[in-house]
Amino acid sequence: MNILYFAWVREKVGVAEETLNPPAEVQTVTQLMDWLAARSPKHAAAFSNRASIRAAVDQVHSAHGAKVSGAKEVAFFPPVTGG
Amino acid sequence: MNILYFAWVREKVGVAEETLNPPAEVQTVTQLMDWLAARSPKHAAAFSNRASIRAAVDQVHSAHGAKVSGAKEVAFFPPVTGG
Amino acid sequence: MDIRVQQGAFDIGAETAAFAARNTTSGAVCTFIGQMRDFRGADKTSGEPIASMELDAYPGMADKQLADLAAEAQARWPLDDIAIVHRFGVLKPGEPIVFVATASAHRGDAFAACEFLMDWLKTKAPFWKKETGPSGSVWVEAQASDDARAARWKET
Amino acid sequence: MDIRVQQGAFDIGAETAAFAARNTTSGAVCTFIGQMRDFRGADKTSGEPIASMELDAYPGMADKQLADLAAEAQARWPLDDIAIVHRFGVLKPGEPIVFVATASAHRGDAFAACEFLMDWLKTKAPFWKKETGPSGSVWVEAQASDDARAARWKET
């Protein structure tokens, strides 16, 4: 599974992208954030305020309760500010 | 007083502009239309359907009841269709 | 503020570029371009083709009226700039008739002011269209829908 | 339909001219240009100056998201054409960030679709602004007002 980070989430994690294989019990966006936060202090800092983090599963905006099992690409980022 | 005609009002009257001196009792747009309509059959035809004629007194949109006494320029035209 | 009533064609790209260039500190620029349609009536499939159009104008009043509309828009919304260019004379299908641009710090104000200017221009600016097609020349009739759109902006 | 996410600057005048040129049979063309502001926050007089801006983007998703927004606009309004150009990378003050254009037979549809596209783009397109000024670099925070504007278009 490709995990992508954007904006300050990327800056806090310290990398733009990681290829990881979360265990089968990681089924939702929230569970994936829990699992990632346990990987390092930087990940923990990036995911400390979940309310300000949005997710896209296979490039589609997804709620924290959405499924990630089977996804190829999951991205984490703050609310968008383009335009 | 300069009287201007636009669009089909001009085509029906047959001239674009006339300089006329209406008598003192012609005080409103309606009275001016009555007075103009009596000038010729063409004028009468142009002013036969008053509901479809708009007026501007000194270049300001004006209702048929508006004053024309003292005006320098009065224009008659159909509802506008620019833009 | 740039308000022009002119007989010659204007270049949409150049107008847009010039307006944006003199308003680079405005976050939001909205433009509207009214182009001459190539068919009569409301429906492209049923209307007869139009070969050319003549726009009759009342030049002195048109300048004054457009300036009044721009002043009204500036009183209603916080705008950095307004441009209005309106043609008269003979036009060919596809040519631009009118260009309206607004610049503001915020997009909501730029959009609202631009749409307001077009809606009021349609019911207040002294221009009249005469379309020429296979069956002859006809003065375009004013549409009730334009009055309804303009009335939305009346202050209560 | 022309949807582009690009790093290089674009020319507002050329984009507008090209869009109008390929939609000469549409009576109404509406465009919106979002330009980089030269001050922080909501108020030009109190905000500190911004020297440059970096727009972070999620390119694959951005293309897909803008195409989805354009499809949604076409489902809601009778449109002849849509263009969306959005930059990413480093921008200087006054440079255009986004260009949105709509073409329709009627101006109400062109205005509504253009404003809808901007409102949804602001809350859905995956771009993030980082502004650099005298006091350093700061990620711009999303505004509740943008969510409110986007929510106006939710179907009930």
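Per-chain numbering from 1; labels A, B, C and D assigned in written order.
The rule we apply is simple: contacts are C-beta pairs under 8 Å (C-beta built on N, C-alpha and C of every residue); 3 or more make two chains touch, one makes a residue touch a chain.
All figures in this text were calculated on a predicted structure; none of them were measured in a lab.
A.B. asks: Ignoring chain D, what connected groups of chains are left?
C.D. replies: A | B, C
A.B. asks: By mean C-alpha coordinates, which chain is most distant from chain D?
C.D. replies: B
A.B. asks: Between chain A and chain D, what is the gap in Å from one C-alpha centre to the other?
C.D. replies: Centres of chain A and chain D (C-alpha means) sit 26 Å apart.
A.B. asks: State, to the nearest whole Å, the distance from the C-alpha centre of chain A to the C-alpha centre of chain B.
C.D. replies: 72
A.B. asks: Quick one: chain B and chain D, Cα centre-to-centre, how many Å?
C.D. replies: Comparing mean C-alpha positions, chain D is 48 Å from chain B.
A.B. asks: Give the residues of chain A touching no fewer than two other chains, as numbers and ranges.
C.D. replies: none
A.B. asks: Indicate the residues of chain C shared as contacts by at least two other chains.
C.D. replies: Each of 34, 118 in chain C touches at least two other chains.
A.B. asks: If you look only at chain B, which of its residues touch chain C in the complex?
C.D. replies: Listed in rising order, the residues are 4, 6-8, 10, 56, 59, 61, 75, 77-83.
A.B. asks: Sort out for me which residues of chain D touch chain C in the complex.
C.D. replies: Chain D residues touching chain C: 11-14, 16-18, 20, 23-39, 42, 44, 93-94, 96, 105, 107-108, 110-111, 114-115, 118, 149.
A.B. asks: For the complex, give me every residue of chain D touching chain A.
C.D. replies: Residues 34, 55-58, 60-61, 64-65, 86, 97-98, 118, 121-130, 139-142.
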